[in-house]
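So, here come the structures, one by one.
Two complexes are shown next, each including chain A; its partner changes from chain B in the first to chain C in the second.
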Partner chain A sequence: MNFSDYIQKIDRRYIFIILAIAVILPLLFPLGLPTFTTPPVLSLYKHIDEAAGTDDRAVFMDFAQSPSTLPELYPMDLAILRHCFLRDIKVLTISYYPQGAAIMQMAISEVKEDFPDVKQDVDYCNFGFRNFALRVPITLGMGDNIAEAVETNAAGRRLENLPIMEKLKNYDNIQVCMEISGAAPGIIYINYARARYGVDVAIGVTAVSAADNYPYLQTGQLVGLLGGLKGAAEYEELVETFANNDIPYSEKKAQNLSWRNQQYELSKVPYKFKQARIGMDAQAVAHVLIIIFIIIGNIGYFIEKRQDKNKYVK
Partner chain B sequence: MMETIGIWVAAFLTLSMFSFLYKDNPFYKFAEHLFVGASMGYFIPYTFFNVFIPYAYNPLFLRHNYWLIIPFVIGLGYWFRFSNNLGWLSRYPIAFSMGIVGMGVPMSIHAQILVQMRTMMLPLTNINLILIFIGTVSILLYFFFSKAHEGLYGKFTSVGIWFMMVGFGASFGYTVMARLSLLIGRLQFLLGDWLGLIK
Partner chain C sequence: MKRTIPLLIVMILGMMFVVHTFVPHKISQDFYNWYQTWLKVMVSFAVILGVGSLLMVHTNKIKRKAPAWGYSWLTILALVGTSAAGFIWGIEDGTPYMWIFENVNAPLGATMFSLLAFYMASAAYKAFRARSMEATLLLIAAIIVMLGRVSIGNAITEWIPDITQWILNVPNLAAKRAIKLGVGLGMTATSLKIILGIERTYLGGGKQ
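Right, the complex of A and B next:
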């Protein structure tokens, strides 16, 4: 049996084992590979950060998620909520998916553990679950009056009675509509909120959907995009560098990798706030492995092709 | 205590799912069926208490908003799908829903077509805009089948194929990243939450 026959017949379970080892080792022993930030993530961070310290601007987050998207989207949830809580930015959250509502509550609770001074209905408001059929009416209604469109928070209290809503009336007070989604991200907000009311929209998506959404960035219909685990890792990094050190965002500093690396020690960051970056270590090793597999597979393919050709000539 | 039990159950189900990589087996089947059942079991009462009670029962029976009977009757038409004789009644709520879809058409045309086209009509001032222009035109011409793809025209449309290949490659690369992320997420759970090896 020659080389090409051997790799054609190799048991795929060996490949699974090699891949598992390639992923497990960087998780146990993080490599600390640098995280380069991309323009869509920088743009989103900058956009959200501009609302710091204001009480008449809020970030609106729609959690269109399910457990199957947790590895990619949950680190985004945590990073954005942490950014907002660190920089005193008001947050409004909603989910039109039953499982998304549970994830939303989990994310808020997990981030809030580190922010005892952040108060519900004062610094953030969880609107809770709403039926999917109400998505368009609520999205349109928020353009006129958020409190009337959504009516109550997750605990059933009327929004007009909540302190956070005193200066948050409609989309004029929304810094960005952020949909973190594993399905068709941002379409409702681009079609209705952006087209009719001109509100800024951004999305966090699973990597599968990321490429499809770049046209919206090109047109300016999206002000930012977090694509998969990489996008989450980039945002985590920016929050760690700037917001956690109370440093205002600067594009020049953001692009200076060596300066950013001096701002914190990864080993001292709580795991929940660095899980995407550690995941990217494993991702990088696995990608290299897959590239090697592809090259080996192609070598085998061309060897076999040449052997077949020689056989035919004889 | 409950959290620990939850972690062990989740770890067992994760490993049961992974066992399919070796071969199909009863543990995998059990976890698969449990997932389907649990998803539906979670969805139905959640919808009942968060949709039916606040949006149907409470307004109608507690606040006596009787005008809501009209949409309720229309909505009940869906249930006639299960009847051979009265199945036609379900077409009315479907027709109503389709009418609502129509409401989104103008805004979709604006957001999905007009704005995209407007970006195509910008002055070609940088390399990105030039690439986008060439890519869009060559791909559109590739899908224009009233003229044979021959000669110079054929060569230009083949440029469209290259652009599409790059697009498919980007999508595939992102897909690999997404699938690996799922594996990484599960392994982070097993190594961290379950085994406590990640601090």
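Right, the complex of A and C next:
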């Protein structure tokens, strides 16, 4: 086997081992690489933050997730819930997937640990699991009356009797419909809730699905998009910089990187709220490694091509 | 008759839903509320059908000792065990159901998906070759986006994230929009064909 063959046919077991080491090491010893924010994430943060301190606006979150997408989507769940609890923004949650409902429960409990004053059915309301077939009727029904469409919360209590629902009647009181999903996110809300009732929609998706949704961003049908672990890391960073230091979002401050780094240093972030940023260290190393493998493969390919050409000329 | 009645149901209900979407009249709203009540009943039957079908498939496999029949036992055990945990102790925090989810279901699911990274790395190394102009363009775009989506790209030059955003906002967006428009038109045409009774293959049974 000559050199060009050798570098084109590296045993995949070696690739797996090198990649495993490259992923595990940054997770154990975080590199602390900086996070830069992109416009779709900034726009979503700003949009949610505008509801701070109001009791007639709420963020509606649909957890369309399964455990397979936990590493990418769960940090988004935590970051958005944390933002809302820090800035006194009402939250309504629902899931049309049995596993999504369990993830929703897990996320709320995990974030709530740090917010003893945040009360169920007063500051947030978990609608629990609803059958997938009822998704369109509930989405449409919420446009007229949320309490009538959803009927009960996860504990089976009638929504119209809950304090949080006093001023939350329909989509007029929803700041943003946020669907965090590993499949085809936002389509139901864009087609029914936005087209018919004009509510703002945003999504959180796995990195592989992010590119599919750019047409909706450009038309304004989506007010924001969190794409994969990177999107989650950006949102985490904004929450720590602004919300955790009780600072309202400002475009000018968001552009000032040195100010943001300074604010970030000020906030003491527990591990569970920086999962995405630590994960991004591993992802950065993995991306570079994959690029190196692609370059090695192509070097072998061009050497081989050149050798074949020379052979043919002789 | 066996085909005419289902055809009529699809035609009439299809038309009524189209009218409901565009006409916000009380009659239209009442019809939709009536449909919602029916839907809740039908959904309950679908759950029975799904669980029944799963149990039938796996009990048959166990009876026939089909290849890997041991996994069928595991599937039934997981179905019965998780359902029982939910029915008996509820699904709130701290219940056995949530314990199963957090300690079995979640790590297993996340692990399966994580394996994808290893196969992607291996496949990219083996298959990504600059064999033609188109393949070279794809390769360059992929490398820029891969770098632009992590902070190393920004550390190399601020241009990389900007170019990444441009790739996503312009060429990617144009292609995705064309695909979505095509799919949307196709869906509209197929739906109309079904409502008008032109497309009947969903009824099964081959040619009439």
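The rule we apply is simple: the second predicted complex is superposed on the first by the 309 of 314 C-alpha atoms of A that agree within 3 Å, B and C clash if a C-alpha of one lies under 4 Å from a C-alpha of the other, contacts with A are read in each partner's own complex, and residues count from 1 in each chain.
Methods note: a residue touches a chain if its C-beta (ideal position, glycine included) is under 8 Å from a C-beta of that chain, and two chains touch if they have at least 3 such contacts.
Since the model is a prediction, treat every value here as computed from it, not as a measurement.
Using the contact criterion defined above for the overlaid structures, shared-chain residue A:Ser95 touches neither chain B nor chain C, since it reaches no partner. With both structures placed on the common chain, the touch criterion links A:Tyr271 to chain B but leaves chain C unconnected. By the touch criterion defined above, A:Asn126 reaches neither chain B nor chain C.
When both complexes are overlaid on chain A, the residue A:Ala211 reaches chain B and chain C alike. Touch criterion met: A:Ile190 reaches chain B, while chain C stays clear of it. Of the two partner chains placed by superposition, only chain C is touched by A:Ser109; chain B is not.
In the superposition on chain A, contact is made by A:Ile24 with chain B only, not with chain C. Of the two partner chains, chain C is the only one touched by A:Thr38; chain B is not. Using the contact criterion defined above for the overlaid structures, shared-chain residue A:Ile294 touches chain C, although it does not reach chain B.
When the two complexes are laid over each other on chain A, chain A has residues 16, 19-20, 23, 68, 70-71, 99, 131, 134, 207, 210-212, 215, 218, 228, 230, 283, 286-287, 290 in contact with both chain B and chain C. The residues of chain A lying in touch with chain B in their complex are 13, 16, 19-20, 23-24, 27-28, 68, 70-72, 98-99, 129, 131, 134, 136, 190-192, 194-196, 206-208, 210-212, 215, 218-221, 227-230, 271, 275, 278-279, 282-283, 286-287, 290.
By the touch criterion given at the top, residues 10, 12, 15-16, 19-20, 23, 33-36, 38-39, 66-71, 99, 101-103, 105-106, 109, 131, 133-134, 137, 140-141, 207, 210-212, 214-215, 218, 228, 230, 280, 283-284, 286-291, 293-294, 296-298, 301-302 of chain A touch chain C in their complex.
Remark: chain C residues 32, 35-36, 39-40, 42-43, 46-47, 91-93, 97-98, 101-102, 105-110, 112-114, 117-118, 120-122, 124-126, 128-131, 139, 142-143, 146-147, 149-152, 154-155, 161, 165, 168-169, 172-173, 176-177, 180 touch chain A in the complex.
Put simply, chain B touches chain A in their complex at residues 21-22, 42-43, 46-47, 50-51, 55, 100, 103-104, 107-108, 110-112, 115-116, 118-119, 132, 167, 170-171, 174-178, 180-188, 191-192, 197-199.
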